[in-house]
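The next part holds the structures, each set out as structure tokens.
Across the two complexes that follow, chain A remains constant while its partner is chain B and subsequently chain C.
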Partner chain A sequence: MVDYFGAYFGALFGGLYNILPFSTHGEAAFFALLLGVAIGFAVGILPGLGGAVALALMLPFTFNMEATQAFAFLLGANAVVATTGDITSVLFGVPGEGISAAVIVDGHPMAKRGEAGRALGAVLMSSLVGAIFGALVLALAIPIVRPLVLALASPEFFMLALLGITFVATLSGGNMIKGLTIGAFGLALAMIGWDPIQGVPRFMLESVFGQDRTLFLADGINFVAITVGLFAIPEMIDLAVKGTGIAERGAGKLGGVMEGVKDTFRHWSLVLRCSALGAYIGIIPGLGGGPAQWMAYAHAVQSSPNKERFGKGAIEGVLGPGAANNSKEGGSLIPTIAFGVPGSLSMAILLGAFIIQGLVPGPNMLDPHTPIRPDMAALGEFVPSGLELTFSFVWILIISNIITVAVCFLFLGYLARITEVRGALIIPFILLLVYLGGFATKNSPEDLILVLVFGMIGWLMMKYDWPRAPLLLGVVLGRIAETNLFVSTQAYGDFAWLARPGVIIIGLIMLASLFYPMFQDRRERRRQQHLAAMDQQPLGQPGPADDC
Partner chain B sequence: MGFDGGVTIAYLRFKKFKAIWLVPVLLILALVISCGAAAEKAAPAPVDTEAIIQTAVQQALAAAPAASSGVTSEEVQQIVEAAVLAARPGEADFYEGKTIRLLVGFSAGGGYDTYGRAIARHIGKHIPGNPNVIVENMTGAGSVIAANYIYNQAKPDGLTLGLWNSNNLLIQALRGNPGIQFSGERYGWIGAPSDGNPVCGVMGFTGLKTWDDLVNASKEGRELKFGATAAFGASLSDVPLLINKFGGTNFKIVSGYRGTSKIRLALEEKEVDVACWGWESMGITARHLLDAEGDGKLIPVAMVFPAPGIEEIADLPLMGDVITDEKDRALWDTWAGGYKFQRPWTTPPGTPEVRIEILRQAFAATMKDPGFLADAKKAGLYLNPVSGDEVVGYVAGTLQMSQSTCKAMQFMVLDRGEC
Partner chain C sequence: MGSLDRLMTVRESVEDLLKKALPPGVADRLPRVACALFFPILFAWIIWESLFGFGQSSSRSAVFPLAIGIPALMLALGGVALELRSRGQRHENVPIEVEPHLEDAVTLEPGVERRRTIAAMAWIVGFYLAIWLLGFMIAAPLITLLYLRIAGKEGWPIAVAGGVFSWLFFDGLFDGYLHIPLSERLDGLFVSKIEEFSGAAISESFSLPATWLVGHIMALIKNPLYFDLPVIVALVSILLVRRILRWRARMSA
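Let's look at the complex of A and B:
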């Protein structure tokens, strides 16, 4: 036992030493890490260009690298895309990454209110906390992860997706009926395309527009196109109409940034809880990167005493997803390392890097004594032990995020000022990013029309005060729910899967989370009805730009 | 409403935010740099036809001493000259300074993409004129979108190539997908890096150890669950579907998984018992299951084609052997023919023959390129190159399907088409 702990801590420091520039191979790894961080920085800020695509393009450059160096390069880039993606989300209302869309909901209204500095400070600090938390989870969970993952089979995945959809209700910041309706609309949108099992075309309107023109919908509707359309286009219309900068009021002093940092520690318990949530969703292979941020957002709303503030620039709505989409990275490395089962597309590509390096994921990645490539070690090359390499992963996550956040803080003042530039100057630039984002995910020109259509829908929703976030969650979880339900009924029998203990437990959590806010809501509404009845705005009159 | 007045001058008045100047400056800088790089590459190196002919003549003469064959050096010169000039009309240097686009029908990082990019990195230097080769991903609909684009929209000039799932050809023949807007025999086929050999593996916890065990257990009424992605169009589901139909088994197909990685997990979770997919992938990605012991071991039990070179599966029985009826066996062989080549490169219909030939030779040369082989080995890519001519033969074999065969195989595509 003592031996094991000795080896464990030895590897912990060995892993750090191997990526710091104190030795020749460490120098190479550190340089690769910096290069990767720089690439990830840019990819994160630009919408549409996702982390997975960047990794795929970087992969061939690792052919001639040593293992630690290759992973420093790839993982360094992957670790920071969520952090810098959040910046674009806050400033422009365009998700810099698919996994930072949830930050828009409250982060962008803050920017509009002139609190861009505070929102950025909060999102960067919570990102850093999340990333470090995720890395620690990775370090601690590795030895005990197998049962955690194998406990969840298809029926549990289906239930988890349902749980997420139930959270939809609370995403609407008070109005549960509107939230559920929009969530269901999102689910309906997820049905568009060839059905994932038999390939039957559904709702593709192929008889109206022709087979060839509707084929771009075959894999389901493009999620990024919907997101940028729903969130960015209405904001741009709004901005053009108002003729001001993004910030309606002048941005506060740079002090806003420190305020945001302080907010992170003021709400430390929320940040830690959302980090844990993100890490756990990351560990579960099959839910992917999208849901983690939304579940964290839902949790932030649910645990807040006054839900009406959400969607209008509540700091908790920024902190939750900011922490979760970073802690998820550490979590999703766990099944990749322990089983070779990637939790997301980025991880699938990282698995390719394992193969290129001649490494086999599994128990040998946890072995503190044997070199990971005995054949190379025999040739006298530098080869870390499996556990050392795994701990290098942990340190790469931490160091690359510290570097990124530090660099961001240096320029944060300038970044926040972008919100003061007049709308007429900034709109063309953002629209370019919006359409680039819609196009770049699949290189399909038809998706540009989708951006426009959802831009219109989004504008109407904003104008008539319908929440937009549940729509996205419905789309993200729709296919996961459908395929897992299908597998469950086939593999376990039509209804027998319902009797699994995991299914029952998640089902109970679901019912509780559905009905508890309902009771709470009713009580609160009854109390407030008397007070608020007077100054309600008539429908159709453009109210203040807000959502959720 | 809208943008306020004072259009141009007001735009230039940045009162508060000076750093925005950085944006256009950086953009222009990037433009200048990329233009410079492009100009450097675009500068053509002159081609000296005379020199080519002279070297060719000398080589020919050296190879065939005039004394023994009785051919004069003039004659050789004439022949070589004619041959070089015939191939010449703009073709030898057509690719010079150009860029070839390879459209991959699947997302970056997957198997198709990995093979495509590995070849694209090396094929340029085997094409006369050394063009740039870039890879783009046009994803969707099991790569049917990319295949349709190559067929209907891409310019047939030999500069746009496509890499898409050739299993769609069988679906085309069976009229199984109205989204397919192409006719496979009209593409130009450049070649394929490998064939495929679907292998079935059963988990140790089932207690079954051989293919015969599986078939017999199923015939005796035991439910054996096969993990699959979609209901048809991949070996994961096609194998149990066909063996059920022709071999009298009653395998249960559990479809809906999103890729083989999810199926590997389902095997470990005991959610499914068996899975059948290409050994070139299974042998690498399911390595930890293949190397495990006891209940958690994945035991390979049968394959589609003989694999004498691969020790681990060399002795396995062929799945097709359980089919006793001759006609059924022929149908099985038609299906299996689709795996004689995997991940082929194609050109749009109407691409000039000369360019197809240039690309075929370059593809074949790449398959022997030591640099490519080293990359492929590192990435764990299985190689067994299939030439363009061979691919054309296999494609014809799949597509020239009699109406009765088409009818007999309709069960594979939910009886959707009319043959």
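Let's look at the complex of A and C:
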């Protein structure tokens, strides 16, 4: 036992030493990390381009790199994309990448209110806390990860997806029917294309538009095109109508940034809870970053006593998703390293880097003694042990986020002032970026029409008070839910899977999350009626409460 | 009378007619109810397709759409009932107050708001049409220039500067440097027909200088000691533009 912990801590510090510029290989890894961070910074800020796109573009450059250097380069970029994507979400209401959409819901209204500095300070600091939390989870989970992941099977994954969908009711600002309808609309959109089980084309409208013109929908509707259309286009219309800058009341003073940082620590419990939620969702293979952010947002709404502030610029609505968005990176590395099961699309691409480096994910990566490439070690080259490399991942996540957040804070004042620039000067560039973002994910020109259509739908939804957030959650979770439902019925029988304890527990949580807001509403209404009745009573006469 | 004004007049007279024909309050709620009605129609179509469309060839593929479609149809009908019962918040009649804390606060009249909304939507569609017809490479700088000049009411120097920035950023950086296939996949219907007819590579010739310039800028970023003729030209141009802008500011002061 003592031996194991000795090796564990030895690898922990070895992992850090290998990515710091104190040795020749450390120097190379450190500069690769800086380069990766710079690329991730740029990719995160550009709307529509996400971590997966960045990793896919960077992967070919790692062929000639040593393992630690290659992962410093790739993970450094992937870790900061999530952080900088939030900047675009807050400032322009355009998600830097698909998964940063939850931050828009409250972050952008804050920017419009002139609190861009505060929102950015909050989202960056919570992102940093989340990233460190996620990295620590990765470090601590290594000895206990196996039973945790093996406890879940497809029925639980299906129920978790449904749990996410029931959260939409909370996301819809009190109107549960509208929220659930829009969530179902999102699920319906996720059904478009060849179905994931039998490859049957569904809802592609081939009979109306022809087979050639609808082929771009075959592998599913483009999530980024929907997101940028739904959120960015209505914002641009709003900006053009008002004729002001993004911040209708000025960007506010730089002091707002520190206020945002303080908010992170004021709501430390929420930030930690959302970080834990993000890390856990990250561990579950296939759920990815989108659900992590939205569930954190839903949790922030549910746990707040003033739900009506959400969607109008509530700081908790920025802190929760910001923390979860980054902590899920550490979480999603766990199944990737331990079982070779990627937690998200980015992690699937990262698995490609394992293959390029000649590494096999699994027990080797948790071994503190054996070099990961014995053949290279025999040639006298520097080769870390599996556990050392795994701990290097932990440190890469922490260091890259510290560097990014520090750089962001240096220029935050300037970033926040972008919101003061006249709308007319920004609109053409953002519109072009919106169309480019919709196109760049799949390089499909038809997706531009999707951007336009969902832009108009988004505007109508905004005008007639239909919540937009549940739609995205439905699209994100649709395919996951359908695939897991199929696997559950096939593996456990049509209804037998419903008797699994995990399914029952998640089902009960789901019911509670559906009915608790109703119960809370009714209690609040009764309390208000009671108070009104008390106010109407003349002084000196007993009120309804005094009868008891 | 402009076409936008004519459109507004037609819309207003239709609204008046509806208000007279329908019971009080119903006309105001009409757009909201119409918006809510979209969802039951959509879910009914999903159920229909699952039962009588693709579902007939593969019942497995229809399980999930039916499982979602049926309860969603109930919910959507509930949403319509909710809209019919609600009093309807008449956003369009509430003037928008812009920058209320400032002394020169602007209040938008409903008519102005409506006109600006239609104009903004027309520009958004216009951006798409420009990309579709001319291709992203030509449309990006051109539409930026036009938007800044016409909708933004900016002067020519700013409009041209915006167009040039757009040209460098999209044509040079994305297409030329990052190789996002804008010129191949978004080549524009109209321009590709001319290219086909004349044999000239219009989009490519248009973006080539931008790619060349951005290539030099990126080389300078990678190596600060990189210094050659294009860099000198770029630096001199920046200094000249700054001098012109300062001169303009002095003149206007």
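Rule of thumb we're sticking to: the second predicted complex is superposed on the first by the 524 of 548 C-alpha atoms of A that agree within 3 Å, B and C clash if a C-alpha of one lies under 4 Å from a C-alpha of the other, contacts with A are read in each partner's own complex, and residues count from 1 in each chain.
Basically, contacts are C-beta pairs under 8 Å (C-beta built on N, C-alpha and C of every residue); 3 or more make two chains touch, one makes a residue touch a chain.
Quick caveat: nothing in here was measured; it's all calculated off a predicted structure.
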Query: For A:Ser269, is the partner it touches chain B (first), chain C (second), both, or none of the two (neither)?
result: neither
Message: Just checking: does A:Leu432 make contact with chain B only, chain C only, both, or neither of them? Give me first, second, both or neither.
response: second
- prompt: Regarding the shared-chain residue A:Gln529, is it in contact with chain B (first), chain C (second), both, or neither?
  reply: neither
- prompt: For A:Pro445, is the partner it touches chain B (first), chain C (second), both, or none of the two (neither)?
  reply: second
Message: Just checking: does A:Ile237 make contact with chain B only, chain C only, both, or neither of them? Give me first, second, both or neither.
response: second
Message: Let me test your reading of the model: by the given contact rule, A:Ile197 touches which partner, first (chain B), second (chain C), both or neither?
response: both
- prompt: What is the contact status of A:Thr24 with respect to chain B (first) and chain C (second): first, second, both, or neither?
  reply: neither
- request: Identify the partner contact of A:Phe486: answer first if only chain B is touched, second if only chain C is, both if each is, neither if none is.
  value: both
Task: Name the contact category of A:Phe185: first (chain B only), second (chain C only), both, or neither.
output: second
Message: Need the overlap of the two footprints on chain A, from chain B and from chain C, as residue ranges.
response: 197-198, 201, 240-241, 243, 422, 424-425, 429, 443-444, 486
Message: If we count contacts the way the header does, which residues on chain A are in touch with chain C in the complex?
response: 175, 177-178, 180-181, 184-185, 187-188, 191, 195, 197-198, 200-203, 233, 236-237, 240-244, 248-249, 422, 424-425, 427-429, 431-432, 435-436, 439-440, 443-445, 448-449, 451-452, 455-456, 459-461, 463-466, 481-482, 485-486
Query: In their complex, what parts of chain C are in touch with chain A?
result: 31-32, 35-36, 39, 42-43, 46, 49, 54, 57-58, 60-61, 63-65, 67-69, 71-72, 75-76, 78-79, 82, 89, 91, 96, 98-99, 101, 106, 108, 113, 116-117, 119-121, 123-125, 127-128, 131-132, 136, 140, 143-144, 147-148, 151-154, 158, 162, 165-166, 169-170, 174, 180-182, 185-186
Field: Interfacial residue positions of chain B with respect to chain A in the complex
entry: 1-4, 10-11, 14, 16-17, 19-20, 23, 107-110, 113-114, 117-118, 121, 136-142, 144-145, 148, 152, 177-179, 181, 225, 230-233, 252-258, 261-262, 264-266, 268-269, 271-272, 284-285, 287-288, 375, 378-380, 414
- request: Write out the stretch or stretches of chain A touching chain B in their complex.
  value: 52-53, 55-57, 59-60, 63, 149-150, 153-154, 194, 196-199, 201, 206, 211-212, 215-216, 218-219, 240-241, 243, 285-286, 339-342, 345, 348-349, 351-352, 355-356, 358, 360-362, 414, 417-418, 420-425, 429, 442-444, 483-484, 486-487, 490-492
